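Consider the two complexes below, in which chain A is the common component and chain B and chain C are the respective partners.
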Partner chain A sequence: MAAPLCVQLEFGGGAELLFDGVRKHQVTLPIQPGPWDIRCLLVWIKENLLKERLELFMQGDSVRPGILVLINEADWELMGELDYQLQDQDNVVFISTLHGG
Partner chain B sequence: MPAPVLCQSCGAGRAALRRPKTGRALCRACFVAAFEAEVHGTIVSARLFQPGETVAVGASGGKDSTVLAHLLRLLNERHGYGLRLLLLSIDEGIAGYRDDSLEAVRRNRGRLGLPLHVLSYQELYGWSMDRIARHVGPKNNCTFCGVFRRQALDRGAALLGADKIATGHNADDVAETVLMNFLRGDVGRLRRCAGILTGGEGTLPRCKPLKHAYEKEIVLYAYFQGLDYFSTECVYAPNAYRGHTRTLLKDLEAVRPSAVADLVHSGERLAVREDVRMPTQGICQRCGYLSSQPLCKACVLLEGLNRGLPRLGIGKPSRLQKALTGAEKPEAGFQEDSEQSSNAVRTIDF
Partner chain C sequence: MKCKEGPPVLIIRVGDAFCKACFKDYFVHKFRATLGKNRCIFPGEKVLLAFSGGPASSAMVRQVQEGLSRDAAKKLRFKPGIVFVDEGAVCGQDLGKRREVHSQVEMILRATGFPFHLVHLEEVFDLPGSILRSISHNATDDSQSYKEAVDGFIRRQQQQQSERTGDSLPGQLSELSVRCPPGKEAVEVPGPLSVSHTAELTHLFRAVKTLTAKEELLQTLRNHLILHVARTNGYTKVMMGDSCTRVAVKLLANLCLGRGAFLAGDTGFSDSRHGDVLVLRPMREYSAKEIAFYNRLFGVPAVFTPSLDTKVRGAALHRSSPPVPAAQIQRPCSPPPPAPGRPPHYPLISFLYKLQSEFPATISTVYRTGEKLGTTPRDAGGDAEPERCLLCLCHLDTSVVDGSSLQSTLLSEELCRKPPPSAGSGCCGGAPNETGCCRSSPTAGAVPSQAVLFPLLCYSCRLTVKDMTCLEPLPPYVHSEAERRQRRAAMKQEIQEFLLEDDLPAS
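What follows is the complex of A and B.
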């Protein structure tokens, strides 16, 4: 990777409550030896953005079942899930279905 | 970058999701059309509504009831159901608690153009939760709130002259409830909980038009349609047992997405052996709500509050029943009302 990646992260459906109630985050991911896939992104989110209750967001190295992920407005199940390699200016949305209303 | 997956329905659009029920990849437009058509199909095949009915949509401001209200308004117009729809929200009267969710309901009312009625515990029962809490103390007010909440939609809808109540329960909710009732051995509830249209005989019929809709699709439908809803603290928080059941279901769903539909199906098809004794279902002498005792739990609690003995309704139900109903003796071999175990089943979408 030649340059740092800029991506937009969005949390909704109650997931934002784990991030101080902030829905949109413009983040810059540092240069790293390997590619930035979603697996790495989740680790980065855990270490840099998540404010509370990790167990409500993650399970193992993935998101907790019941949290939907959209990459550039498409279901991550169609995009390779954890193996998807982030591109500059990508948009990743996490929507919780686990929060009541 | 992987090439975008194409829609398996129209073959032209970029696929936006994989449907959990069928595994098919659909574009946004095809998904929205299919989702709406399926809910319409459910409504028609289960004969949920009759022309001319007034339907109260239980509106909590959350995702399920927001999508339900939106769909019913849309399908009512598109297919000419001939329904009079109204939104019904309940305000428990806890300072600050409903402010954000009622705000979401009000924003949606504007968008939907449906009449909204917010009924408070004060209007329905003569007591707000804040006032009840001052009388009974913080330890017991959850009992009151839960019991009153179970009946609030029924009382509210009856007050508004509605013929029917529609709630936003989705396939995941029903599957979870089937699983939980099974785990608890609650046969009476197990038999009822998967029904799409329940009630009647003294209480208003209730229906669940989203019964076959997956939570994932409801949330994505709301997202794609730009519907605005309110989310509160995690559903894992309040009830540990339901939380574990939910986790189990979500984990199963991750391995095999049809698990949700399969459980709903199991709930529908389960037959209860003839010789299994069911709790006797009667009707409350005072308010007409379903109750296996002469007075329903809400009326008992209210009686306690109004007599200035608020703790009367907590614990030992049968002795109290006897005291309150006076002359009328309860039948011998009375069954403990299963409705009285608090937090047992989330029957109302709040």
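What follows is the complex of A and C.
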């Protein structure tokens, strides 16, 4: 149903360490029957990008508390969190605040 | 607070969204409000900003920049400088990586236009013993003198302004030169790294058995070094970038570490344990989320440096599991097996964040509870200058009072150390102590040294020192100051009978 989506993912604040130290990922999400929401995106990240230590990134079907999510430079809490439906060329940022400061 | 115009970009409190511009105003205002409320930075004073490269201290540096570039009425009036302590040697970075971090940090700091000092943690081996002394400084009625100082500063400024109304260009120029500190001399870049010191430092940290003690020791050494930079360069205030989230974690963690007596000093807005140099925490009203969003939205650069823990986590990972394709990791979020001697910070961070995600007031509640703690030192025994811990410079909390928890802790330790009863009738037949073979422990070499330091340390620092296999690798200034204190104590004992005591009962 949905066409392939191109989205940019970014990891910061130490979260990039779980992704081989790479901060920016330009990814193309494959066609799937339902729409791509953040919930699906997290599963996709878990299966395709995450290099190590799942428990440091996710908890249940969401991100671990302490990891902030920005969708197009805005707090995901304003966008419906897990239920936000991704659009083509969206920019999703994950910032860990667990590393201290 | 909500302008109802711009698109909302973030939520800090439930149902209270900010647009980007309002968030910036809110963030910048909070910094100035925190400083204004506490009234402890005098105009024209030199203030050292402790920059670690992390998000909170980066945001703090940006706030000072913002504050200094404002129009006169709202302008911050102090003179900032920045210090960065390179801890690469103990965090498992090689020289190449350290140099890379170094140049990154240097670039960021140069861009601020403030004078800055880059120092290596290795320099603790060259510190003077005086760093461990609290230099008393007679604080008069601060609120009164603050007002006077501000009035005087404003008057002087107006005078200067009126003097230069005639010729605007030179006036502007002099203003400029005030704003941009003379580049070359203000920048302190360390000389070539002393290889022997690096070896000494790694040796020191290898002698520490647990990660908790390592972390505590690192923090102590870092604070001493920052204090040294402040004292030698005439800074009278040091700003640390502890965020609200960090303060909350620190409150709970320090309780676990036996630092309960010092919570107020360790987490409060201002900390006067060093006497002449006041440590301030102006970021303590910002949550980690606010800081992360601010840095992201306004392009505040930060340098990611691994901590002691990052390295250990990585090492543990490589040891325990061969690389597994990510897709195969299906197991639910089981926490990693706790490493021995893991500091309480990490489980506490997870605990607080998890609670926070369901009860959004958790972190601020912990933080506000801590805020109620006072910093009034106990007047122990009416002594003029209470003893301070050799390492953390807090007032010693180790006077064993009847019924205190310290007393029971010491008692149970004593009982545990006693040789099992069977030994009494064993080889040496319970020979008078210290002569029998079962008394001498294999660590005999380290014991006297520990016994020497112990009376000079607070309870928590004793725990840290107890986790060290030997004490020789400690930097020389610790040893020399310990000796000095012992000599003084011995001398005091010697002349004790000739001293006139104040508190003699009136006869």
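Just so we're on the same page, the second predicted complex is superposed on the first by the 97 of 101 C-alpha atoms of A that agree within 3 Å, B and C clash if a C-alpha of one lies under 4 Å from a C-alpha of the other, contacts with A are read in each partner's own complex, and residues count from 1 in each chain.
As a working rule, a contact is a pair of C-beta atoms (placed from the backbone, for glycine too) under 8 Å apart; a residue touches a chain by one contact, two chains touch by 3 or more.
None of these values were measured; they are calculated from a predicted model.
Engineer: After lining up the shared chain so the two structures overlap, which partner does A:Leu68 touch, if you call chain B first and chain C second: first, second, both or neither?
Structural biologist: both
Engineer: With both complexes superposed on chain A, which partner does A:Gly80 reach: first (chain B), second (chain C), both or neither?
Structural biologist: A:Gly80 contacts chain B only, not chain C.
Engineer: Regarding the shared-chain residue A:Leu17, is it in contact with chain B (first), chain C (second), both, or neither?
Structural biologist: Touch partners of A:Leu17: chain B and chain C.
Engineer: Using the touch definition from the top, say if A:Leu98 reaches chain B (first), chain C (second), both or neither.
Structural biologist: both
Engineer: Just to be sure I read the superposition right, which of the two partners does A:Val27 touch: chain B = first, chain C = second, or both, or neither?
Structural biologist: neither
Engineer: Under the stated touch criterion, which partner chain does A:Cys40 make contact with: chain B (first), chain C (second), both, or neither?
Structural biologist: Neither partner.
Engineer: Contact-wise, after the overlay, does A:Leu54 reach chain B, chain C, both or neither (first, second, both, neither)?
Structural biologist: The answer is second: A:Leu54 touches chain C but not chain B.
Engineer: Need the overlap of the two footprints on chain A, from chain B and from chain C, as residue ranges.
Structural biologist: 12-14, 17, 53, 64-66, 68, 70, 73-75, 77-78, 93, 95, 97-101
Engineer: Looking at the complex, which residues from chain C come into contact with chain A?
Structural biologist: Where chain C meets chain A, its residues are 7-11, 17, 52, 54-57, 241-243, 245-246, 288-289, 291-293, 296-297, 304, 307, 310, 317, 326-327, 329, 331, 333-336, 349-350, 353-354, 356-357.
Engineer: Which residues of chain A touch chain B in their complex?
Structural biologist: Going by the criterion above, the answer is residues 12-14, 17, 53, 56, 64-66, 68, 70, 73-75, 77-80, 84-85, 87, 93, 95-101.
Engineer: State the interface residues of chain B toward chain A in the complex, per the touch definition above.
Structural biologist: 1-2, 4-5, 14-18, 25, 60-66, 101, 104, 172, 215-216, 218-220, 223, 229-236, 246-247, 250-251, 253-254
Engineer: Going by the contact rule at the top, pick out the chain A residues touching chain C in the complex.
Structural biologist: 12-14, 16-17, 46-55, 58-60, 64-66, 68, 70, 73-75, 77-78, 93, 95, 97-101
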